[in-house]
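In the two complexes below, chain A is the common chain; its partner is chain B in one and chain C in the other.
This part shows the complex of A and B:
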């Protein structure tokens, strides 16, 4: 399971404040805390409330890289901001987070993927929005795979995000997302990886952590490869470690949980 | 139409463990030996590397064995009472890469030797040969916990391999290995889950992962060989799939198990044809080499010769 730490995101108040005050400390603390909890990548997102996203992204990436040496997932709505982050990224291969299947955006994203030897998250949506059912999601995923192939990007460098919506908003999406995760594996050989932004499933819900935890395990059961998560949610990490055992992805030992917590 | 050859690409590899320490590293060994490091299943060299050849050790007891048959004793007859000379013969004459010093004198039902006797033996053997050494106790928990720390201290800085750590008894040995700069043998009873558990327990005591060697417990030909084989196969697959807690190299006590079998024992008795016993040992060893063994402990010099030749062929050297 590839874990992408979600916390360095301007949507969180503490991060937004740090960005506004240009105070690296809270951000660096979050970076260290997530890396220590076992994140393989750290997502870095300026949040929507900044006037100069490219400049802020450059600063965020530099600040994070001062304290951790894991690669980053450069997360922005605008490709210019993503490119600003890619330019200063230095530890391993970055993830571009993300593009839709909309032609212009996808081409720009694939150009950057190639130029910066990055990995790419492709969202199963296009200019018309998020489709409702699994088949339409897969059709969009297939478009992304096909265009990536034209660019010479190996399918194994692609992550497809089927896009989970909040359960309190669009309850009927969750089963479709699970179906999408399992179908995506049949689209190409080698198949693309799958990723979800887990916390979105519980937006505005009362029992957020429980919902996150259950949905992560259900998604793992149908073959999920990666997730953008709160790696400091200990119950979530325990559930993940246990799911890995039950899916026979890791060998059981009596102290498997103690080991995964280390 | 040509059929494409499918190649597996693994995410990870077996950890490397270094045995022995030269003077630059604070020891007195003539050379160090590195085991492990495989990034492919055994000898599938088109899919990855096997950077280090399997190593062959020979058993040396600190007292004359009371349960070895006559013909098995023969090659060692002149040195059987002297572990230092015995070790020397194994290395110089029989070509052993390492020796396993078995502190059998400590057996409470036998001589019941104490820590001072053992310290002296360890020092003598270290002086007699310059290869890395493996040291194991008599296999009685209480005595092991008394003798192995003494042996660990007497060989301080030599980067030896000490055992056996088992789920029920590992703390004393782990502490002794850490304090004196040694590696540790993690033993489990042909059980992959327990194998991983012992490794986790050792890691929780802060034993570095690259200082652990897995002893999966060896079943001899006709006596459980297939169980050990399949456990080793599963462990190795786990290692290549990046399960770090089972990514350690393997040690197989082949001689001990092969010569315990009825067939081998009888062949080595007076009037028997020991070639059967030697074949038993060789076939058991070859099987485990093909299961990914990194270190094999053998008894008979003819087996050592044959197995080293087999390894030469496999490694293309």
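This part shows the complex of A and C:
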């Protein structure tokens, strides 16, 4: 499992405040804490409330890279903000997070992917929105794979995000997302990777951590490769370690759980 | 999810003692406790340490039926002991637990299934043992389905148990069991049900409850219909309730977890 730490996001109050005050310290602490907990990438998102997203992204990437050496997932709604982050990124190959299948956005994202030797998250949505059923989600994924191929981007550099919606808003999407994760593996050889933004499933729900944990485990059971998660959620990390054992992805030892904890 | 309570089994010390002393009280307490926790069936197994399994099974079924009115899963290695339980069973349709695909045993089990209007658990094993890969497990399941059909037993009255082995003994079996659960649904229309004896996955492991819980959730994610479990394990029941929500099998409400707890 590829773990992308979710915490450096302007949607969180502490990060928003640090961005507003240009205070690198809270952000650097979150970066270190997530890297120590085992994150392979750190997602970096300015949040929606900034006037100058490109400038803020540049600053965020710089301050994070001062304290950790793992690569970043540059996360923004606008490609200009993403490019600003890519320009200063230096810790290995960054992830572009993300593009839809909408032609203009996808082409820009693929151009950046190539130019910056990045990996790319493609969302299973287009200008019409997020379809409900797995087949339609896979059809959109296939479009992204095909256009990426025209750009000479290897399928193995693509992550497809089937887009899990909050269970309280669109409960019937959840099993379709599981089915999508399973089907995506059959779309190409080598297949693209799959990724989910886990916490989205439990937005506004009461038992957030439990819902997150159970959905992560079910997604891993059908083949999920990566997830944007709270790597500092200990119960989540224990559930993940156990799922890896049961999927035979890590060798079992009686003390597997203690060994997986850092 | 069909829940079969695992606790009335001579492998547990308290049950073994109660059987030896012919003391119905501890067994009846376990029966009530499991029924109250939401078990749909109660598994009843004399354990291996009795000289007269048929006689003990007769007694066990009688004492359990004095206090609960849910049907039982009559669980024994010998068909004579199972038949003794079936003879006195009166709470609806019992489950015969279980037969392998070995011809003589399977025929006897199917004869009893018909005679007592029972449901039947067929194990994905034959005289050669438990195969590792999903395809071989499914081939054995298919044999059971075919012979059951010759006996006029509807496929929907069959439960196939792919046989999960302890992760510490046969870790590479676990993903094959998940694959088997998923494939079994394609073997017939209507498909047989699938069932696992959950606790087996964690035998002799250190983090038993966590391993049980994670394997149950992954199995549900690929289509599991039933499980023999500790229905009094609250964390397991919470995990199951959450999985049902995420599989859209129960309608989500903010208080789903509280509503699922009895």
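The criterion applied here is as follows: the second predicted complex is superposed on the first by the 262 of 262 C-alpha atoms of A that agree within 3 Å, B and C clash if a C-alpha of one lies under 4 Å from a C-alpha of the other, contacts with A are read in each partner's own complex, and residues count from 1 in each chain.
Definition applied: a contact is a pair of C-beta atoms (placed from the backbone, for glycine too) under 8 Å apart; a residue touches a chain by one contact, two chains touch by 3 or more.
As the structure is a prediction and not an experimental result, all values here were calculated from the model.
Colleague: Between chain B (first) and chain C (second), which, if any, makes contact with A:88: first, second, both or neither?
Modeller: neither
Colleague: Of the partners chain B and chain C, which touch A:252 in the superposed model: first, second, both, neither?
Modeller: Once the two structures are laid over each other on A, A:252 reaches both partners.
Colleague: Is A:221 contacted by the first partner chain B, the second partner chain C, both or neither?
Modeller: A:221 contacts chain C only, not chain B.
Colleague: Contact-wise, after the overlay, does A:175 reach chain B, chain C, both or neither (first, second, both, neither)?
Modeller: In the superposition, A:175 touches chain C alone.
Colleague: So, does A:50 touch the first partner chain B, the second partner chain C, both, or neither?
Modeller: In the superposed model, A:50 contacts neither chain B nor chain C.
Colleague: With both complexes overlaid on chain A, does A:70 touch chain B (first), chain C (second), both or neither?
Modeller: It touches nothing on chain B or chain C.
Colleague: Check the residue A:187 against both partner chains and state whether it touches chain B (first), chain C (second), both, or neither.
Modeller: neither
Colleague: First (chain B), second (chain C), both or neither: which does A:206 touch?
Modeller: Only chain C is touched by A:206; chain B is not.
Colleague: Which partner, chain B or chain C, is in contact with more residues of chain A?
Modeller: C
Colleague: Residues of chain A that sit at the chain B interface in one complex and at the chain C interface in the other, please.
Modeller: Chain A residues touching both partners: 251-252, 254-255.
Colleague: Quick one: which bits of chain B touch chain A in the complex? Just the residue numbers, please.
Modeller: 192-194, 196-197, 199-201, 203-204, 234-235, 238, 243, 245-246
Colleague: Under the stated contact criterion, what part of chain A meets chain B in this complex?
Modeller: For this pair, the touching residues of chain A are 250-256, 258-259, 262.
Colleague: For the complex, give me every residue of chain C touching chain A.
Modeller: Touching chain A from chain C are residues 167-168, 171-172, 174-175, 178, 201, 205-207, 210-211, 214-215, 217-222, 238-239, 242-243, 245-248, 251-252, 254-255, 257.
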